[in-house]
Amino acid sequence: MAEPSTSPVGRGRLEAFSDGVFSIVITLLVLDLRLPEGDVDSAGYLVWKILALWPQYFGYVLSFLIVGIFWVAHHFIFHHIRRVDRPLLWMNIFFLMALAFLPFPTTLISRHWAWAPSVWAYGGTLCAANLLLNAMWRYATRGGRLVDPSLSPELVRDVNRRSLRAVAVYVAAMLVAAWSPRAGLAVFLIVHILYILPAALDRHWTPKENHP
Amino acid sequence: MAEPSTSPVGRGRLEAFSDGVFSIVITLLVLDLRLPEGDVDSAGYLVWKILALWPQYFGYVLSFLIVGIFWVAHHFIFHHIRRVDRPLLWMNIFFLMALAFLPFPTTLISRHWAWAPSVWAYGGTLCAANLLLNAMWRYATRGGRLVDPSLSPELVRDVNRRSLRAVAVYVAAMLVAAWSPRAGLAVFLIVHILYILPAALDRHWTPKENHP
Amino acid sequence: MAEPSTSPVGRGRLEAFSDGVFSIVITLLVLDLRLPEGDVDSAGYLVWKILALWPQYFGYVLSFLIVGIFWVAHHFIFHHIRRVDRPLLWMNIFFLMALAFLPFPTTLISRHWAWAPSVWAYGGTLCAANLLLNAMWRYATRGGRLVDPSLSPELVRDVNRRSLRAVAVYVAAMLVAAWSPRAGLAVFLIVHILYILPAALDRHWTPKENHP
Amino acid sequence: MAEPSTSPVGRGRLEAFSDGVFSIVITLLVLDLRLPEGDVDSAGYLVWKILALWPQYFGYVLSFLIVGIFWVAHHFIFHHIRRVDRPLLWMNIFFLMALAFLPFPTTLISRHWAWAPSVWAYGGTLCAANLLLNAMWRYATRGGRLVDPSLSPELVRDVNRRSLRAVAVYVAAMLVAAWSPRAGLAVFLIVHILYILPAALDRHWTPKENHP
């Protein structure tokens, strides 16, 4: 229903729609946390039942952080995009398709954390989401197509490099999982926490410049 | 609680509310993806269980694309609408009712893909959503009621023609399903991918005009 | 965390948050539509299984329309409200609590439509939502507290009268249900369709004034 | 994908994204309300089954109010924040992680209200959310880092004091639960209603100043 080369959806609505999907995906993760049916006959048994869900808590925390990271990365990209055309619109929908799929492999690693195929499905979904997000960035920045022409080429290359590095880490974690699924999952957690940590470190470094 | 001929809800809020429904419908689709209960005793068996869900993946991808297409079409229509009156407001709610229903026939084609009634329910829902969206367009453009008076009549007719063509294709797929449900589903997938493809092709055709 | 008499949340965010709840409630209704488990061995049996869900379709359509009506009424009220204070903020949260509860009695009338207590729970929830919404209107308009002082007293009274009439109809439907639950449900459906119909009728009456 | 010390996400989007999570969490609570399967053979039995869900209604109302309170507190904080940096962005995501977790302990207190560990899990989640929200406030206000420099130190201290008081009450309720889980839950309900009540009281006190 739209002409070939322009998008009927502006940047603002695209971001708002994507934000909606992000916030729903991140909140749906809790639906996977369920105590198995059955009567409870002592406080100790209930504590044990709650603690026995630790793989579910692990999946919840890991996927919550990852959706958060993708949300930040998505905003970073759209912060630099000036206008939206139809290819970018559809690349974004395919990206959201990969992202909204994440609760499924999250359930896999929560229920079947001892088996490598769970980790492969999880890592594969992350690779797909990452590659689609990076494809949007490459498409938008090639020849300054949809971005501010003054955008520095270093920044463009730096984002591409980080994205490839993330995919490389995901593939490495999937290979590790062939040997030990638990070690593969640990790689996922450690890598994403390392990614977020600088934020915590900034806390001690940046105050000076912030209030002169 | 509103006077008869005006809408208490402006265009912006109507679009935002509809976007909310779109993003929730598209994200809920993943809830249908569930591994059957039961213990897993080998990596191979888990791979088999994951792959055995292929009809669910098919339903997820197909419905995700279709909701995306409707979202784009909805924005295209509201891009041209200048103001909202009560009839349009209620046509929009009925359209959302058809759209929000889609997860149910999606589950049908995922679970019972070998039987024609699933495809009929799926196609019927798409026809209803399409006809309601087109009714909004016809209502808004008749005599320039709610659109910019300078809107070209060719565009109005073109949108109507595309909408009827879509309904014709849906009906054809439903007829094919009476003979082979799988073939009917294949028609749905192929037609919607063909619809999206120009976007991918634009990629090679439009760069020149975009940065002169 | 807020001072007593002012609201830290402006009108825009309150409406956006409420819209979010409205759109999620309306979309969650489809989750109640589920084909019973079990194998299907013929197209005819599948058709029968799909049709046997008619009470669920009834509940879906009825509650979708009702949430739509409440959404429109909520916007009508906030269209006239100039500013938000803490009491109004909390009345709105209690109203949303009643509205977000609706999927539960919807399931009741879908599963147990032959028994009056389902209809009572459904009607009771609607009464609560209606009375809370009207309490917001009365609170905001008393002495022109939160509305434009030029708001006509006739409009204020008219809205109050419509709200009381709706509660009277709900109570009547609940009384009818004591005699025949099906008749009680029919009253709910008919009354709400009658409420929406003027919108369809406007279609033939208003075009003239819309484009002079 | 972002430079170390600035946030690619502005205050407006951060609030909108958080509002999305708030509205989904608050609406998902109803999914926990389900009548147990099984045939109903009399109106009286259905009434009994509906009433027997009272612990679920209690959990629904309590968590709905608490999410509402956190939503108001979150807006209060962001009302005073002028800009967002990466640490604050990630503190907000961790806060949302605690908040979005709430439906899980809500199910615990609904299903296993007679056992203390349910109350501990519930109170622990509330403490985590509260401490993370307060950490955001302390981080943003320290040395006027992210707030208006003219923000009164009394307000800063007052908010911190209220937050600590809330955590103290949560811990007290958890201790009470060790002796009687029901009493612990009652403390949660009473304390939060007391928190909201001033809003109702304002109703009688503030009209004068509102329209002079």
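The letters A, B, C and D name the chains in turn, as written, and every chain counts its residues from 1.
Quick note on the criterion: contacts are C-beta pairs under 8 Å (C-beta built on N, C-alpha and C of every residue); 3 or more make two chains touch, one makes a residue touch a chain.
For clarity, every value in this text was computed on a predicted model and none was experimentally measured.
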Mind listing the chains that sit against chain A and also against chain B? none
Could you check if the interface between copies chain A and chain D is built from the same residues on both sides, meaning over half shared, or from different ones? different
With centres defined as the mean of Cα atoms, the chain at greatest distance from chain C is chain A
Where chain A and chain C are represented by their mean Cα positions, the distance between them in whole Å: 36
Using mean C-alpha positions as chain centres, tell me how far chain C is from chain D in Å, no decimals. 26
Enumerate the residues of chain A that touch no fewer than two other chains. 16, 20, 24, 28, 31
Let me know each pair of chains that touch one another. A-B, A-D, B-C, C-D
Quick check on the complex: what are the chain D residues that touch chain C? 15-16, 19-20, 22-24, 26-31, 33-35, 40, 42-43, 46-47, 50, 60-61, 64-65, 68, 71-73, 75-77, 79, 159, 162-163, 196, 198-200, 202-203, 205-207, 209-211
Can you tell me which positions in chain D touch chain A when the two form their complex? 1-2, 4-5, 8-9, 13, 16-17, 20-21, 24-25, 28, 31, 85-87, 89-90, 93, 96-97, 100-101, 103-104, 107-108, 111-112, 115-118, 121, 139, 142-146, 149
